[in-house]
Structures are given as C-alpha cells and as structure tokens.
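Sending over a structure as structure tokens; questions will come in a sec.
Chains: A, B, C and D, in written order; residue numbering restarts at 1 for each.
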C-alpha cells in the first residue's frame, strides 16, 4: 500500500512505518544499537553489559529519538517501540527486559500514559514470574495536566529523556538497582515540562492530521501524540510564549531560589533548529529573570510528535551528582558526548 | 427462571469474535475519528490490528472449549493491540477465560458471569470507575442489563439485546462527561461533547454478541 | 511587528529573526561559540587558536545548523550568517576572516550560489588589502543542476558540511593552509548530492510559502532555499525515492567499485527523524546494491531550508586520511563526538 | 550635438536615489513575488533593506559631489543587501563613482559614461552576458538607448525616457528566456515564462532616473 496522495512522507507501507524506520536506524548506527526484529525491540550493540543494571524504556513510536535513539552506552540498554502513538505490548517490554538483564536487575522507565503504564505493568508481572528483578519509575512531569486523585494524572514528557540519561549514567557507573532507581525518582521529583503546539501531525496509518488549527491559533499544554492540548489561544510572539511556558513550569516546580537547573527545549519534530534556538534565547532570559540559572542546556529534537511544529520546555533542578551524571559520557544515536 | 436452553460453545464464541472483528473493521475509521477528537487517532487501527490477529489465531486453532479459546483471544489482544486498549480488552478476555475455566460450553448465566469477571478485570487494570468516560461506561451497564434480564427469566437473545441497548446508551452518555481516565483526561473540560472511542468499540462487542449469540448460540436454539 | 496570523513560528519581529535566533544559539552553547553582534558573526569561543589555520564559511540563514551550528573545535572558526536565504555581506565575511586569522591563513568555504560567491569574492579582495592570506574553496556538489560552461554551475549543498568537518579537522591538526585547502578540494571533487522536497517553506519576512505543491506531488532536485527543484513528479514510496536519489548521485560521482563512502542524509528541517531513518534504510541498501559501502553514516538535520519537508543525500568517496579526519574529535552545537 | 545644458549634481542624484527607494518600497512585494517563482523570495526585501539604508546614509551625508556620493551608495548597498543583488548593485554604483571621479557635477554624457562603467562592473562581477536572464538584460539596452539618444542630440529627458522603455522591454524579454545565471538557472527550462526579478528592479532604477533627472536634474534645466 502506497502512502495516500495527500500524505507526503518518506514511507513505504504505512502499516510497516515503524519497522522500516528501525531498519534504517540500525543501518545508520551499527556500532551503537541493534534492531531485534523478532522481538520488535532495539538493543544496545555491546549489551547486556556484565554486572550492570539494565535500563529500559519504551512507548508509542512517533516520538523519536525517544526511546530508540537513546539506546547505547551511558543511557538505555533496550527500548520497546510500539506502533505510532500506541504503547508497546508486554511481549516487547518483556523481551527488552531480558535483553537488558545482566543479573543486576532492570529499571523500567515508564511515561505516565494509561497504555504505557498498563503494558509495562503486565510485562513486569511476567518478568517477575521469570525471576527478573524489575524496578519501575513512572515519569509524570507535564504541568499542563491537573494532577488530582481519581484521574490518570500527568503525562510523562521531557523528563523521560533526562531520567534515561541520568539513570543510564548511574547504571553505567556500576550503581545498584535501588541507587539507579533512586536517581530516576529524584529526576522525576525535580523536573517539570510544558509544551506548545503550532500544528498537529499526521500518523502514517491515519493518513490525515489529528486536528487542524484555525489560522492564527495554537495549542498550549500539548503532549507527544499530536493531540490537542489543554487550551487553544491566539498565536503570540516567541517572547510572550517563552514567558508563559517558563512561568507554567517554574510555578509548579518551585525551584530553590538561585538553583542551578538543566533546561531542555525539545522541538516537536517539525520545528527547525533556528526557531528552537530563537525560542531558547527567550526562555534562557526568562529563567534567569526568575532567578534560576540554566547551567546545562540542550536544544533540539529529543521527544517529538512526528512532524508536529512546536516545542516543549523541561526544567530540572540540579545537584552536584546530577550534574556529574549529566556530563558523563554517552553514545547513542541522538545524544553523544565524551566519547 | 433463567435461560438454560442456550449453550455457548467454542463455535458460538468464534462466531461472536468474527462478528466483532467485522464490526471493528467496518468501524475502524469511525473509531479513529472519535479518537482524533480527544485522543491520538489510533483506536480504530489498534483494534483493527488486534482483531485481525484474533480472527487469524482462532481460525488456526482447532480447540472447542470456551476457556482456552477465550485465553487465546486475550493473549492475542495483549500481544498485538498495544496502547490502553490492548491490556484492557486483553484483560477482559483473560478474565472471561479464567471464569469459564475448563468446564465446557457455557450456559447463559455462565456467559454473563464470565463477562462480569471480564468487566471487573478491566476496571481493576484501568483503575477505572463508571463515569470516568471510558469503555467501562458502556461495558458496565451492559453487564448489569444482561444479568438483570437473565435473572428475571428472559432468554439470552432478549437479554443481550437489552445489554446492547444499555451499552449504546452508556456510550452516548460519555459525550456529556469530563474524561478522568485515558488520554482524553489530558484535555480536561475540552473532552466534553465528544464520545469516548473505547465505549464505542465496547458497544460493538456487545452488539456482535446479539448478532452471534442472541438467536441460540450453538445454532440449535 | 508580530508574525502574521497565518505564520505559526517561534518568532518576534520577522526582520530580527536571524539576530534573535543567534542570541539563542549563543545562550545554548556558551562554551562552544560566541555571537559577535557588532559584526553579525558567530565565532569559536576559544578562538582564534594560535598557529592554527582558520576555517570560515557563511551563507544565507535558514539552513541551520549550517554554518553557525558548525562553529567550534575541529570544524569552523567563524561563520557569517546572512539574512534568511540571502548571502552575508562582505563586511561580515571580512570580520569572520579576521576573527579566524591566527597568522596561519584562512580558508573560505563557499557554496556555489551567485550571491555567496560574489560576496566572498569582494570580502577576499578586502582581506587581501588587509594582508590576510585567504584561500577559497567553492563547493558545487549538486547533481540536479547541469554543469555547463556559461551557466552559474552547480549549487553547493551537503558536501559543504563535509568540507567544514574534514578541512576543520585538518586545520585542528595543525596542517598548513595549502594542505587544509587541499583536503577541502578533495572533498569537493569526490562528493555529490541530490535533494527531494515534499513541501516548501515560509521565510519569516515573506510570510508565506515560496511555492505550494499540488496534492500528491513533490519536487526533485531541490536546493536549500525552499525554492522549486528541477522537476515536479508524483509522490512515490521511500523505496522508489531512495533508488532514484542514489542513482542520481552515483551516476555522477562514478565511485570506484567497492569504494568505502560516507553517506550523509540530511533532512530539510521539517522532516522528522523517524522518516529520515526510514529513508536512510532504503538508501543504505541501494548503496550496497550498487557496490559501495557506507562505512560512515550520518542522518539528521545538517543543511536545511527552514521547516521544509524533504531530504538530501550526499555521498563522499573516502580514503584513509578522510576517514581519520572524519573520526577526529569535534565539538560544535550540531556535531559532536570524541570530546 | 549632445545635451550639455543639464548638470547632474549631488542633489539631483539624491533625488534619483530617493525616487528609486520609493519605487523599491512600493514594489517590494512584487519583486519578492517574482523571486518566489524562480528564486528564493527575497529580492524585494533585499532591495528594500538596502535602499532604506541608502536613503538614510545619503540623508545623513552633507556632501555635494557626485563621486563620493555614488561611492557611499555603493558601499551601503554592498554592506546591507547581501545575496546576489548586493554585490551587483553595489558594484554598479562603485563603478559609477569611479567614473564620476571628483570632477564635480556630471553632464548628460558624463552620467551615461558612468552608467556604462557601472553596467560593465555588473557584468564582470556577475560573469554575465546579455541574454542570461538577469538584471543585465534590462540595464544593457537601457545604457545602449541612453547613449544612442544622447549621441543623436536628444536632451537628457528624452534619452532617459528611451532608456526606461528599453529597460522595460529587456525586462519583459527575460520571461521568454532560460536563466543561465542567478538562482533561476537551477530551474533550467522551468525558468521560462517568468520575469527575472533583478531585471524588474533595474527597470525601476532607470524609471526613477526619468522622474528625477529627466526634467533638468539640477532643477534649473
């Protein structure tokens, strides 16, 4: 089946988009990761690393480089990619758990989406039967969603990338499972995110945009599936948007005055580097004006929604250990330094 | 006096699942359209992928016992659907399988009991109550109606018809609610005015039961 | 002036888009580069490096990360960004030349666009008056354009990124100006590119897309300014597009059979990582089928056209020295490894 | 007998440049639209930015000599326009400045000579010949016509009017040509049917001269 005429994407059969894309990912990064087609998972090329705690994650595809692009030295041991915007199934997560298990236990990094939580839960139940030691950390950093009892709670957004990097670095240093999980929980505790969508996106199988924005309007408080956000407002300047985003994030995070923070500005996939950097310039100023100092910064596409236009800010309050874990060497398809 | 004339065997369940598969295929775009409004536009394709796998799996399987068959269905859904719907529909059938056990064909009451067990599994897995604007809002009234009609002596076909009507009413009610579970909950008040996609697919499941089981499930009513 | 209602971009005053974006780039990468606002150029944070040949480039903005995102250790010493899709002016290029000049001479990496060639030419004339030793290498790797006498010739596309990396590495190793220029010329000689556009893009000041594609049609043989390509054809599958692109590039390059090559697949800015990797999977197979082995691969946004959707392939025939220069450490905003 | 009654001093040149600036501002969108067809949609904004800077620079400058004034114009264009148009229009004025030297106000023949020098500068900088579908296709016939009319004794206003008509005709002719220079050359045959944006702005430059210099440049003709 060819892409529909109105859908202009690099695509063969839309139903095989995820598989075809992972084949390409593996071809592009052979020293870093492998695509285990039988199990539908991506695993670290040199894994499992003897004695090391395994760190895995997974989620709906369409948010690349999350999670598959973060498999490699110093970050994830395996990733379970679902269909586009659909959680992976327990079989995949179980296979990823086994692929990452070198005997020291496995950390499951789970974004707080109903589908992901339930599929990881079922996989963890199955892994326990197999005798694997699994700890689960649920990431829920999205301040756009009300976090009240009886609801599904907040989505896991950009903090997921930070958890993967920082817990991954702790695991790479040979820390024990409870310590690695502790790092992950500290990050979840001290990170918040807020996203803005300037367009929707077109899942390959659906073949049309999830929603259409009227001229001059944008979505505030979006997630990572191209779905509408919390509210629709008129377009405004980058300066005004930055002020709004920073205020949403900091109000909820309530950082220690003068705290060093890591600021991650992730594009949603379709926003070019020039616009992201322009927005980052405004965000950086707003953060400093609010009395926090972005001592580590990262601007690019890290957690996305296909070709959606937009961006999300994640702010993490840092301490010395987190800074040192952040600076530790990493070599994945999408994040690389120190090696 | 409850309906004991009907027996639901593996063949009847296969008919039900084929019917559900057909309805999901026919309504795949509609389910995805509903999911586009307040979700991520994949409920139709998720269910379609899952039910195609289920139909293939049960066609390839020679077993005649309800218990193992329902377990195969549940496992297949868990392994192919993904998203929220996979664990939920998977759990529904796995719990039905557990309730059916290996006691052979089910009578109407046994079928209702299995469905109740499935519903409870869904609510537990999803930590959902009725009114959260999920598939439970269609399933729960359907199981209630089925039990009530059977308890008052109605035959299975009448009871299932009432269950389907209750499911559809529950589904329609979701439009007026604020979502508290599922992705639609992220929209808060904005979810009002849109029908929950999972309640729509769950209604198809009950309607498929009317068509497949309602007139004497073993074909000999 | 606010962005027009129909333009949904992270933007303040469209006329200040380039400046605002560079402010953000500098804020995001303070250890790597500096934005010299007075001269409108981006310079390496620790430059000029005593005794080192300077390597500079420049061009119209809108193609980020080219060139500003490639300023840093092991690549460019300075970059002169023009207005969006307009060459920089000689004053900027001259300032970049002086900023990069540590006494060992400066290499000008110039993409073969009429505006860029003429502005660099005028700058080189002025630099010569100031006594700077300048060598110029013009990059013209675009096989979509006929290269006949009396015409403007081929555009400089993706090979520019490779020249900047490889000549930058040679300079970082302390090679002399003629050697560095020699590396650059060898790359130009052995690299070819071809691009495909699935949409146009909207320059901030123009406020509307440069062109609009009818449903189901795409542009073959595009450049890097969102302008129409060589021909418009019906949309086709990634597999067919990859075959076409690889054949265009290899037919012109005529690599030695069995040659090791570097394959760079650059998105045009609006195409997400998943699609690029999907296309890369097909490209990788086509290259191998054609008897060349992509021993180095790079997939991402490196030379773009704002938010255009599309991709371009660049193939460079490698030798041992080029491989070692490619693997040499680099630390820029957009390319980083080995440090 | 050539027109020697007209003198073109700094004030007249300022009027010309103001006129050109106004026309560029008015036609900025049009120039950009032309550049959208076969280029990169910036010729209008490039020229607008440059001429705004030129007008500001000459307004701030008190000099009355044509040579230094034309040099200021050329330098300003080189430093603000960018793209292909910057070096080309910049070179045009820098070469005019060199031709004008510091000999004081120009007569009509001196003005034509300076324009010829400017045109040659453009062709050299752009490595362009007439027929390549560039601004030269408008400038070259304009200079030819200006020289021819002056040589046959016409006054400056008549000669400039003929030059403007020749520029416009040359501009219109570009639509039928395949571009060999400039970005439009990348389109090959696809460039046919579209007017060259640079030839359109060059025509504005000559038309501005008609309005500003044609009726006695120093205001005393």
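Basically, a residue touches a chain if its C-beta (ideal position, glycine included) is under 8 Å from a C-beta of that chain, and two chains touch if they have at least 3 such contacts.
Bear in mind that the values here come from a model prediction, so they are computed numbers and not experimental data.
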Looking at the contacts, which chains touch subunit A and subunit B alike?
none
Please name the chain that ends up farthest from subunit C once chain centres are defined by their CA atoms averaged.
B
List the centre-to-centre spacing of subunit B and subunit C in whole Å, with centres computed as mean CA coordinates.
55
Intercentroid distance (Cα basis), subunit D paired with subunit B, Å
77
Can you check how far apart subunit C and subunit D are, centre to centre, with Cα atoms defining each centre and the answer in Å?
33
Residues of subunit C that touch two or more other chains: which are they?
none
List, in ascending order, every residue of subunit B touching at least 2 other chains.
none
Among line, ring, star, complete and other, the chain touch graph is line
Quick check: in the complex, which residue numbers of subunit A touch subunit B?
60, 82-91, 113-115, 118-119, 121-122, 142, 144-146, 150-152, 155, 203, 205-206, 210-211, 221, 223, 225-231
Residues of subunit A touching subunit C in the complex:
2-3, 5-6, 8-12, 17, 20-29, 61-62, 64-65, 69, 198-199, 213, 215-216, 218, 235-239, 241, 265, 269-282, 284-285, 297-299, 301, 304, 306-307, 309, 311, 334, 336-339
Given the complex, residues on subunit B that touch subunit A span 32, 36, 38-42, 45-46, 49, 78-88, 90, 125-126, 180-183, 185-188, 190
